[in-house]
Structures are given as structure tokens and as C-alpha cells.
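In the two complexes that follow, subunit A is the common piece, with subunit B as its partner first and subunit C second.
Up next is the complex of A and B:
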């Protein structure tokens, strides 16, 4: 079974083709980051306008590059949420009507399910069950995964997502948008002279909060000499605080569930310091850790094609409607 | 000539199938329900005619102006079908569709078409009936405050939601040229289909990559350098 996967939930247009047995055939991505950077953040209307320009050309290119024809495709999977409504609708309308015209099934995929199944595309995929930490610009979630579609939310951010805190802090330090990766680069030159709080680690529970840390960082910045070195020191202290907080919560989640596997996915999982910190923690806990390759940490069509393929093979499919749901709790998904 | 048309740019949602000049249409005023209604509408029209998408000659869609999201729903659907069935696409102005619907039911020959564009502006276009009864644009379409619309010195009638919100301002601006208006007139896929068929004959069909929305309002955010 060949499945065409379409991702348009935020600022990247992703198209991929996945085969149930042969694996990934093609994976294409068009990123809008450059366009949005001029605005200091993602402008939803501009994101939608760009998706509708790029999506069909990418689908066409994906078919060409994979050497497949239209008749080879057996199903279409598209991201239906969570995400930006206008952006989701572009993918949903195009994907659903394309499936209708080809007389093949379509399936609406949950974006975060795509992320947490992304490590399944690697050579050594994790076995179920596992704990998944999803960290991106829009989400921070800890999920207990028993199998595809069997997700229990263990904890989430009560305010800013981890990636959002990175970007906002970077903006404050004058690093532009999206500044998360630049902030980590700057942190490499920092000295361990500052210690920032680890939010919500002093009490039980698996929820996160990064808004207070962001404010603490801002106050530290305002009180500092604001030299390049001071900025680097602050970047390092901030990044360490986020990494430690994530490690503490993940350790707690592993202990609480009794599981020995941790999957880390989402754009922030590309951060080297956070990877190292989580890897050390799992080693101490005698647990295994799994990361998708960097290209599958950020948004992509491959993970949507994979997740959709699993659901289509289980006989699920979407009715003849353009289904998009900007807010969609992952715990509401049905199991296979 | 077999052509399928889709219109979702306002609170109305419609699909139409034109076969050799005869139009079958599904139309519903259904705010927020377009995503659930539109594909079943298309599917029903095609099933009733016993047609597969590949048997069509062309597609037409309401390319805007209108609700940005609504216009993109129609565009996305049409792109999906056009790519899927390898069909040419005729983009049709939403304002032209309103004027066309008006000409189809009245004797007047000039239609001052206005849609509410929010933010104190309207989408504006002046249309004339050509010798074949089709709506033909005079001048250019614009997004503009009602007090500043441009218009030719012709007697005509007003149509579209802009006349509901800015009736007084438009009447003042067009002093004496308009004596009545139909603010409740919504764009319909039937009119998109007729204009689409006409455009197809005139060679105005494009490939799927060129089937794009026309928003008219192109400045939607300020760059950091502009703040």
C-alpha cells in the first residue's frame, strides 16, 4: 500500500509517499521560515497563502521523484490538526478532493501522533509501550503510548510550549526569529555562572510551565551588562534550565509508568544540549532513548504518511468531508 | 461541454454542474458548514449525471474576492480535482458571479457589485451585460472604502453584501446613478459555471498550478521593519 502524506499545519508544506512494506519512497519539504522571519513570527494568513501555492507542485514532484504514477497511490493521509485553521484547511481541502477524484480512501491524521510515531521510520524503531516527550514550537506533551492510537496524556505545558519559550527568549536577546537554534548556538559560548529556576520540578506532577522562566530570563537580561558574553551566559543558563526541567519530568514519567523506553520528538528535540541531557538521564535510569533523525524532528509529510498508512491498513478512513480541527486532544484518538 | 463549478467564498456554499449549457446546482446558506457540505454536493451532482471527474472538460471556481479561508477552500478543492483528473481550470471572480446572477434575473445592464470586506472596506467591481448576456468587467476590481469607489458614469443597480453595510455611502458616492440595490444577493456556483464555460471558450483556462485565489487585500501584516 502506497500512501501519500500531506502536512500543512503550520509554516512548512510537507509531502511524502510511504509504502507499507518498502518504507519511505519520497519526502519533500518546503519551509516558509524565511518569509515569516521578516514578520518576527508566523503570520497565519500568509502561511495559508503560501501552502496553497506550494502544495500541488510538491505533490507532483513527489510522484515524479518516486517514479510512481497516480494509479499506484492507494490512500491519502493529511494533517487535520492541531494547528492553524487556515493552513490545515488548505491541506484538508486539497487532499480530500484529490482522494475523491482518484476514488481512494483518505485519512485525517493527528499532527502529534505523526510526531510521536516519527521514530518508527528509523532503522531501529522503538517497541511499544513507551513514554513520548513531544517538544515543539506549539506543543510540550508527555504521553504514555501503549500502541498506535492508545495514548494517555501524562503532562503538558500550562502556558508556553518549550520551543515558544526558546523563540521568545531569543527574540529578547536580539537573535531574530526563529531564534531557538541561534540561542543554542550562543549558549555554547556561555559560562556556567548563572543558575535559573527549574519550573514546577519542586512539586509532584508531570505538567510544565515555561512562561515564568521566560520572565526570569528577561529580568536577568535587564539586570545584566547586556554584553555579548552576558547574553551567552544567559542563553546557557536558560537552555540548561529547560533541558534539566525536561529531564526531571521525563525521569519522573518513566518511574511513574514503570516503562523503560523514552521517545523524544518535535522540533526542539533537534537541540543538542537537550538531547545530551535526556540521553544521560535515560542511561542512569537504564532506559532506552529514541530520537527521529533531525529532518523528522520538525514538521514533515513522512510522519503523516506513516501514521495515515497504519490507520488505513486497519480499515479506518475519513468520510467525504474536509476535516480540520485546530484544537484536538491527542487522548481523543481511537486505537487500532 | 461538461464543467464542474465550486463556490465557497461567503456564508453561502454551492456546487454546480454545467452540461451543454444546462446547469444543475446545489446551494445552501450555511455559515461554518462548508467543509461538511461541499464535497457531498459535488459528489451528488456527479453521481446524478453519471459522470466521473475524468469525463469533465474543465473546472471553474470562485477565485475571490471573499472570505480568505472560504476562497481557499474552493481553490484547494479545485486544485485537488484538477490535479487528480488532469483538468484545466477557469478562475472566476466572485464579484462577476454576483453580477451574472443579477443579469440572469433582471433586465438591467449595469451592476455595481460590492461585497463587505470588513475593516471599513468593500470588494468592488462594476459589471456590464455583454451581447451574449455574460457579466463583463468595466475598469478593475478593488478593495476600497465605499466612499472612494471608482465607477463609470452609467445608470445601474447595486448588488452584494457591501450594499447592506454601506448603502448610504455608496448611494452618495454614485449620486443618481443607482436607484435600487439587492444587498442579499450571494455568489452562486451556477453563475460561476456559466462564466467558467464562457471563459473556457475564450481560452482563459489555466493549469492547476495557476489556479490561485485573488484576495485583492494583499497587505495582511506588517513586517518588523515597517512597525
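Up next is the complex of A and C:
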């Protein structure tokens, strides 16, 4: 079974083709390829959320690159939520209409389910059950994953996502926006002279809050000499506070669930300091840790194709309607 | 109207008072630097309406939507918008056409595509707290 996956929930336009037995055939993100000839002109970069113009050429390209035609596709999976209504509707309308005209089933996929199942695309996927930490610019979540469709939200950020806190702190330190990776680079030259609070670690529970840390950092910066060294010291203190907070909460999640596997996904999982800190923690806890490859950590079509394929194979499919849901609690998903 | 807010709690309280005083259809511009307390103020507004869930910053999602006590609230953050034309692509007119209170953080990023506001709120960090200024435009 070949499944075409379509992701348009936020900024990225992603298209992939996944085969139930052979695995991933193609995984394309709009930004990765040149498609100027498809339009007879340059696509304006300003419309970064302009999925309408990108999606169909990307689907054509995915078919071409995998040596398939539309007749080979057995189902279409698309991100139905959560996300921006306008962006979701482009994917939903395109997917549903194509599936109807090709006489194949369509399936609506939850964006976060895609992220949680992305590690299953790796050669050595983790076995269920596991605890997943998803840390990106838009999300900070801890989820207990028992199997496909069986998710329990353990904790989430009550305000800013971890990646957002990095990007905004970088901006305050004059590193531009988004500057999360630049902040980590700067932190390497920092000295361990400052100690920032570890938000919400002194009380029980698995929720996060990074907004207060952002304001704390701003006050520390305003009170500092604002030299390059002072900025590096602040960057280091901030990064350590985030890394420690994540480790403390993940440790607590493993202990509370009694699970011994941690999967870390999302763009922020590329941060070396956070990786090291979580790896040390899992080693102390005698737990295993998995980091999916970076391309599967950020938004992509592959995870949507994979998740959709599992649901289609279980006999689920979408009615003849264009279904999109900007707010969609993951707990409402059905199991397989 | 200008006021000094000492801490997060007072910023939320200010937002809570707005729940009673703003009309059900209202466009509010929110000015203020990163960390000035814009989202905190909106949290207070939503708490006053009885909303108990997380009030996340909409920086990445661009808009967060709430339906409370029969009233609709849209909380926008245009920080990541690189060109005001992008507002068309996210369907801004569909949101603003509704009977709703719309809070817009970083409204300058949407110049030319946003209507004139009914209320302008400016938060400025000062000492360990912030000052807040509210101007009604009508």
C-alpha cells in the first residue's frame, strides 16, 4: 500500500510517499527544492505560509522522484489539525479532492500523532510503550505512548514553548530572530557564574512554563554589563536552566509511568547541551533514549504518511467531507 | 489611562478588568517588547471569563482561539510575519469579520492589512515591573 502524506499545518509544506512494507519512498519539504520552472517564475519567499501555490507541484515532484504515477497511490493522508485553519484547509481540501477523483480513501491525521510516531520511520524504532518529549518552537509536550492511537498527555507548556523561549532570549541578547542555535553557540563561551531558576520543578506535576524564565533572563541582561562575555554567561545560564528543567521533568515522567524508554523529538532536540543532559539522565535511570534524525524532528510529510498508512491499514478512512480542526485534543484519537 | 504593575499577578488583574469593560466585538492592539507581559495580560482576561486551561503564547501558531461564556476571543501574535501580505494567506479577514474580541500582538507587522484598532494597549518594562497604558480610539 502506497500512501501519499500531506502536511500543511503551519509554515512548512511537506509531501511524502510511504509504502506499508518498503518504507519511505520520498520525503519532500518545499524549501528543499527548486520549483521555479513549475511556475514560470520565482515564488515570493514572503508568502511563507502560501501552501496553495506550493502543494500541487510538490505532489507531482514526489510522484516523479519515487518513480510512481497517481495510479500507484492507494490512499492519501493529510494533517487535519491542530494548526492554522487557513493552512489546514489547503491540505484538507487538496487531499480530500484528489482522493475522491482518484477513487481512493483519504484519512485525517493529527499533527502531534505524526510527531509521536515519527521515530517509527527509523531503521531501529523504539518498541512501545515509551515516553515522548516533544520540544520545538511551537510545542513542549510530554506524552505516554502506549501504541498507535493510545496517547496520554503527561504535561505541556503552560505558556511559551521551549524553542520559543530560546528564540526570544536570543533576540533579547541581540542575536537576531529566530536565534536559538546562535544562543547555544554563544553559551559555549559562557562561564558558570550565574544560576537561573528551574521553572516549576519545585512542585509536583509534569507541566512546563518558560515565560517567567524569559522575563528573568531579560532582567538579568538589563542588570548586566552587556559585554560579549556577560551575554555568553547569560546564554549559558539560560540554556542550563532549560536543559535541567527538561531533564528533571523527563526523569519524573519515567518514574511516574515506570517506563524505561524516552523518545526525544522536535527541533530543539538538536541542541547538544540538552541532548547530553537527557542522555546522562537516562543512563542514570537505566533507561534507553532515542533521537530521531533531524528531518523527522521538524514538520514533515513523512510522519503524516506513516501515521495515515497505519490507520488506513486498520480500515479507518475519512468520510466524503473536508475535515479540518484547528483545536484537536490528542486524547480524542481512537486507538487501533 | 496609565498604571504601574508590580508583577505578573497585577498584570493578570489588569487583563481581568478588561473582560468586564471591553465590548463583545473589539480590536485591541497590544504593543510591548519581548517579555513585557502581553500574553500575561491576555491570560488575565481569559481567566476572568472562567477559562482554566493553558494560555499559550501564539508566536508560533500565529493565532489562538477561545470560546468562552458565549464570547469569542482571538489572540494573535504577528511577530513571525515577514510581510503584511502573509495575513491574507492566514485568512485574517475571516477572523476579524466575526463578533469577537481580537488581541493583536506586534500589530506593526500587519500594517496596511489590519483595520484601525478600537483600543491600544502599550506595555513597557520599568524596574522589575511594567507600566501599562490604555487608549480608547473610538
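Please note the rule applied: the second predicted complex is superposed on the first by the 317 of 336 C-alpha atoms of A that agree within 3 Å, B and C clash if a C-alpha of one lies under 4 Å from a C-alpha of the other, contacts with A are read in each partner's own complex, and residues count from 1 in each chain.
Rule of thumb we're sticking to: contacts are C-beta pairs under 8 Å (C-beta built on N, C-alpha and C of every residue); 3 or more make two chains touch, one makes a residue touch a chain.
Since we're looking at a predicted model, the values are computed, not measured.
Enquirer: Once the shared chain is lined up, is A:138 touching subunit B (first), subunit C (second), both, or neither of them?
Expert: A:138: touches subunit C, not subunit B.
Enquirer: First (subunit B), second (subunit C), both or neither: which does A:86 touch?
Expert: Both subunit B and subunit C are touched by A:86.
Enquirer: Give one of first, second, both or neither to describe whether A:219 is in contact with subunit B, with subunit C, with both, or with none.
Expert: second
Enquirer: Looking at the overlay, what does A:326 touch: subunit B (first), subunit C (second), both, or neither?
Expert: second
Enquirer: Which partner does A:158 reach: the first (subunit B), the second (subunit C), both, or neither?
Expert: Touch partner of A:158: subunit C, not subunit B.
Enquirer: Report for A:56: first if it touches subunit B alone, second if subunit C alone, otherwise both or neither.
Expert: It touches subunit B, and subunit C stays clear.
Enquirer: For A:181, using the defined touch cut-off, is the partner it touches subunit B, subunit C, both, or neither? Pick first, second, both or neither.
Expert: In the superposition, A:181 contacts neither subunit B nor subunit C.
Enquirer: Go through the superposed model and pick first if A:70 touches only subunit B, second if only subunit C, both, or neither.
Expert: first
Enquirer: Just to be sure I follow: which residues of subunit A are touched by subunit B in one complex and then by subunit C in the other one?
Expert: Touching subunit B and subunit C on subunit A: residues 45-46, 48-49, 52, 85-86.
Enquirer: In their complex, what parts of subunit C are in touch with subunit A?
Expert: Checking each residue of subunit C against subunit A gives 8, 34-35, 37, 39-40, 43, 54-57, 59-63, 65, 79, 82-83, 85-86, 89-91, 94, 125, 128.
Enquirer: Enumerate the contact residues on subunit B facing subunit A in the complex.
Expert: Within the complex, subunit B touches subunit A at residues 34-36, 38-40, 42-43, 53, 68-69, 72-73, 75-81, 83-85, 208-209, 212-213, 215, 220-225.
Enquirer: If you look only at subunit A, which of its residues touch subunit B in the complex?
Expert: Touch residues, subunit A against subunit B: 38-40, 43, 45-46, 48-49, 52-53, 55-57, 59-60, 70, 85-86, 89-102, 320-324.
Enquirer: In their complex, what parts of subunit A are in touch with subunit C?
Expert: Touch list, subunit A to subunit C: 10, 45-50, 52, 83-87, 137-138, 156-161, 163-164, 168, 171-172, 177, 207, 211-212, 214-215, 217-219, 222, 326-327.
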